[in-house]
Amino acid sequence: MIEVQEAQRPSLLNEHGDVLRVAIVGCGYWGKNLVRNFFEAPGCTVSHICDLDQNALASIGRRYPTAQLTRDYSEVLRDPSVDAVAIATQASSHYLLARAALESGKHVWVEKPLTLHFREAQELTELALRNRLTLMVDHTFIYTGAVKRMRESVNSNELGDLLYYDSVRVNLGLYNHDVNVIWDLAVHDLAIMDYVLPFQPIAVSATAASHIGTGGSESLAYVTLHFKENFIAHFHVNWLAPVKIRLTTLCGTNRMIVYDDTVPSEKVRIYDRGVTVSKLEPSSHDRTRLQVDYRTGDMYSPMLDQSEALQVGARHFASCVRSGETPYTDGQVGSRIVSFLEAAERSLKVGGRMESIDW
Amino acid sequence: MIEVQEAQRPSLLNEHGDVLRVAIVGCGYWGKNLVRNFFEAPGCTVSHICDLDQNALASIGRRYPTAQLTRDYSEVLRDPSVDAVAIATQASSHYLLARAALESGKHVWVEKPLTLHFREAQELTELALRNRLTLMVDHTFIYTGAVKRMRESVNSNELGDLLYYDSVRVNLGLYNHDVNVIWDLAVHDLAIMDYVLPFQPIAVSATAASHIGTGGSESLAYVTLHFKENFIAHFHVNWLAPVKIRLTTLCGTNRMIVYDDTVPSEKVRIYDRGVTVSKLEPSSHDRTRLQVDYRTGDMYSPMLDQSEALQVGARHFASCVRSGETPYTDGQVGSRIVSFLEAAERSLKVGGRMESIDW
Amino acid sequence: MIEVQEAQRPSLLNEHGDVLRVAIVGCGYWGKNLVRNFFEAPGCTVSHICDLDQNALASIGRRYPTAQLTRDYSEVLRDPSVDAVAIATQASSHYLLARAALESGKHVWVEKPLTLHFREAQELTELALRNRLTLMVDHTFIYTGAVKRMRESVNSNELGDLLYYDSVRVNLGLYNHDVNVIWDLAVHDLAIMDYVLPFQPIAVSATAASHIGTGGSESLAYVTLHFKENFIAHFHVNWLAPVKIRLTTLCGTNRMIVYDDTVPSEKVRIYDRGVTVSKLEPSSHDRTRLQVDYRTGDMYSPMLDQSEALQVGARHFASCVRSGETPYTDGQVGSRIVSFLEAAERSLKVGGRMESIDW
Amino acid sequence: MIEVQEAQRPSLLNEHGDVLRVAIVGCGYWGKNLVRNFFEAPGCTVSHICDLDQNALASIGRRYPTAQLTRDYSEVLRDPSVDAVAIATQASSHYLLARAALESGKHVWVEKPLTLHFREAQELTELALRNRLTLMVDHTFIYTGAVKRMRESVNSNELGDLLYYDSVRVNLGLYNHDVNVIWDLAVHDLAIMDYVLPFQPIAVSATAASHIGTGGSESLAYVTLHFKENFIAHFHVNWLAPVKIRLTTLCGTNRMIVYDDTVPSEKVRIYDRGVTVSKLEPSSHDRTRLQVDYRTGDMYSPMLDQSEALQVGARHFASCVRSGETPYTDGQVGSRIVSFLEAAERSLKVGGRMESIDW
């Protein structure tokens, strides 16, 4: 999709051999995971860790004494030995931090969501393309064995005609303080759905509740995606649920997939169940009638690649930086997901009315 | 609520002593359960079984040779020894069959939904009141130990401020051929919610999908109930799901209840979990900020009354017939549920727009 | 195995056409199930219900008014219109009741265990053979789709070399007052194992606990079966467990089966997991070493026949009576299971020492 | 139990302030966990990492560049700045490595089992006592919130009279190559049981199977513990099970505890269920009869301390080193567990006969 002439890409700097030097920006819960994974990924190292909080820096520095610690992001950008920047800060800062990095000639990894506005996401995507830099959004579930297997099921057509996609992603507690539950949780479901389905939604409607006083953001939401095809997708995301649920169902006329991310094994189950519709002969007192039969058969749970998604993602990023290939979750994908999220946000504001997706 | 002068109610006919004689109309899957339960309920017997299908009658007659079998409903209504009629036919016939019974002086038990139109439901309710007859809708879950326990939790205020109600009722296969999935499955959730909550919804929005060709009714729907209170209810009902789920969550600020009807024991679990919001002191660069804390504690699963709901309901019906008391699920309740269902149906027809409830 | 000349078997009595007339003896919990199932089985009817308890008789008589009620077993045996007797009384009475029935020319169905002593079981088996009568023990799990599927897995050799059989059958409460937990619960596991495995145990050891004072029977036991083959079977049976568990595992070198009878669907799961052992080249400082590899693959849960086991069994009994074929669970099988139980009982008495099986 | 005069204990060396310097010996799977946890424990650091495998050392050294790496254990023991040694090598080497450390004046942490022979375990215990050094065995489950809660239930007497202890610890694959499944897995159950119960076993019997050819060690075992009290304990440990199970049940006459370590939350469930036995009046034809009633009530799942057990253990070790207090899992406890394991091993060798415990 993105045409890049390999020769003109910035090559990995010679003084560090072939090692990809990544600066991690933001060392909260997820940033720490990035540090660990870029240290563990072959051919990668973490050159800098950057955070505004001096204590957080000191703490992680004790664990990883070889990384340079800094509170000054421009220092990172000025350092020519830094090949790439991985941004794990609050969502509202993604756009500016990523833009500055791309302008400084750094490859960029950004946590989800790519930005808070579609136009900003597009701008980053174009900037990366123009500067021949890799831009990858960490839609982390795309790099799991489970989601990969779901996509294969769809591509192999074993499900028959697709009927609906339903997902429940709920737990107690929020992990993100600057966005609401849609931007925090539904972003995962949108990214998975976008990766798995062969078609794209045209409109979205969303309902939400904000329970925590004036000024609080939505902590519970129901999001429906509408398609040209006779297909519907629905997500329930929730920070106020007593029990953690991560349950995705994708049904077709021939087979149905259930992906339960809370169980230790057999996360993906494929049910040989479905529905067949046949037309009955019209009788005198009847309009054309339909005979609906439900079919139930075996269940099958394929063995999945158990690798840590973040490690798979980190290696994919490194590989794309080296080869110039487009990441599975590039700026285009990240922009599309942001456009879904923005449309959902607009729907919330107009009482759940259907909003078309500007994509 | 309904004032009835006991002396004027039709007394149980003397020639049969104190035994309540019930005619069962419709002997499909649920009708057979009614026959068995009214035979087993103390002080009750099944006097007639009425169905249009001669084979179905013959088959059940072998099991219950003391009941009179008939294809002629008016024969049942004319028989002065029949005290009550229990209607388990297709939903579209409920209104006419129930009206005729009430006009014939019979107490009436009707399967859910009471009728397909609110005006009809109201007419039956008024007719029963005028004729001093018991009219009870079989909202069967109201008579389970689980739902009773949920209502007690709400009434005792142990949940704190109520936040939301969420229910998933999905499986493979439909059991009702003349109505869509909302009238078939969501009717249960609406009845449970109506019984458990201390307030009532003011509007409803619904989205659905019909996957089985032209003319097929909706087999999958998402229904949202809106309240004046800062509260939301949402139901997912589905005939096309690979795995049966019956999961209801009712959350408050202090405690959260989960009711899972698919497990053999511990169906109701009460989590001592919640959320507290406190205002932080505004600092110079901040607007008023909120400190949100999630609290997690013990879980508790109360022992529940294990009686079969239909048996509890049958006894409750018999008791109301005898005493003149109003059933928990009387015509008023049945009418209200029909008004919710009609509003959901209207919302479906206008693309999921919010429809106010005419109640 | 049993050679019978069909012409000499007692034919079903002509005056009742081809209907098999069964007398049910004992109408407790399981006896009621027998009554229902022999009424429902095609070509069968329940002619008599016999019990010492007049109230129990009266109660079941109201449900099944066509069956003759009697407290006098010899009346049943003398009635030439009775083709078969189904015995669902306490285990200690099985032998005498079954012997009298066989001596009176009746086909016999007996609840498990067949008798309390191997010699008695053998005597019944021989008596049935001599009198050309069908004798069938109600080892009910043999007639489930799940156990049938396990046997097919073994027969098709898909499991590889069999390694072990492990079963846990525990719950709170006892259902049988005249025998201990081994005779009440382990009898099921022994019957399933005997049906599924291609070889038989040669010895048994058992440990048990009796917690309910002097004179109380064992309420918790661990039973180990020993085989000539490199194979072991172990059962945990328990009346004092807080949660009901019914979990059987049969493992081979190529595949492993788990049968969970407490779940509503996917009761049988076949795991493509196993272990391979290969000899490593001996090195200078090593004795012959073994390389053990664990292999993990897909899981597969076949659709099972969902028919009620008791109905399948009742039809099988009727079919064997008519054709003279040997039931799957005939007197030979019943005797063998009794010999296992007796050996386990002997082992209990000698502190868990291994006792050989007299078979 | 162990009397130590605090003044004479070796004090933490002054040149490192108050920091406890721990050398980790063996950096396999568990050794790496020790390195991480002693780095994270407040007031502790990892001074050395010692392993025979140069590659393993190099790999972990990249993660923890401040630790000294060495293949020479005596170098560690000679270094006066090392306060304690944590041994995570194969079980057969524990005795010699721990003895050398204690002789060199180092406090010692040893992985389970303490040694392979009771006499060796005792010798280490006495040596530590004599040299006023802390000796702690890493029976890691003792430091979980779940096991702590089980012990509290027993101590508070809420269970009533204790009836039995049953545990299943099975999975596919072994993690330990120099011992059999009893020494690898049952050691956990024995340590938990020993910590939770108020009394101790007097004998053990064990049955096992070795499926992996000549020379292979036992991969599946059933172990029964016998007590003077009317109580029984039984463990099923297994490396050849398709599904991981970690399920412990401890039942009393008043309440029953189930501890399921495979679920993410509600690991401990306390069932208000039990059994009551009362003597019935003897009637003429009866011996003294017992009336047994099963009681079922609520279930309750207490919130547990979620801290990582190894971190709790590391802090406890550091605290005991500093204060001279006896660890919960000291040499005495470790020796007792070894004596149970040795008795189980002897029982295996004599065909499962009961072996008394030399304690």
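As written, the chain order gives the labels A, B, C and D, with residue 1 at the start of each chain.
Simple rule for what comes next: a residue touches a chain if its C-beta (ideal position, glycine included) is under 8 Å from a C-beta of that chain, and two chains touch if they have at least 3 such contacts.
From a predicted model like this one, the values you see are computed outputs, not experimental measurements.
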Chain pair, A-C or B-C, that carries the greater number of C-beta contacts: A-C
Chain whose average C-alpha position is farthest from subunit A's own: C
Subunit B and subunit C: spacing of chain centres that average the CA atoms, whole Å: 42
Chain centre separation (subunit A, subunit C; CA means) in Å: 53
Per-residue overlap in subunit D, given as positions that touch at least 2 other chains: 243, 296
Subunit D to subunit A touching residues, read off their complex: 39, 62-66, 243-244, 262, 264-265
Subunit A to subunit B touching residues, read off their complex: 163-164, 166, 168, 172-174, 205, 207, 209, 211-213, 215-216, 220, 222, 224, 230-232, 234, 236, 238, 240-243, 249, 251, 253, 256, 258, 269, 271, 273, 275, 277, 279, 287-290, 292, 294, 296, 351-354
Footprint of subunit C on subunit A - complex, ascending: 266, 272, 296-303
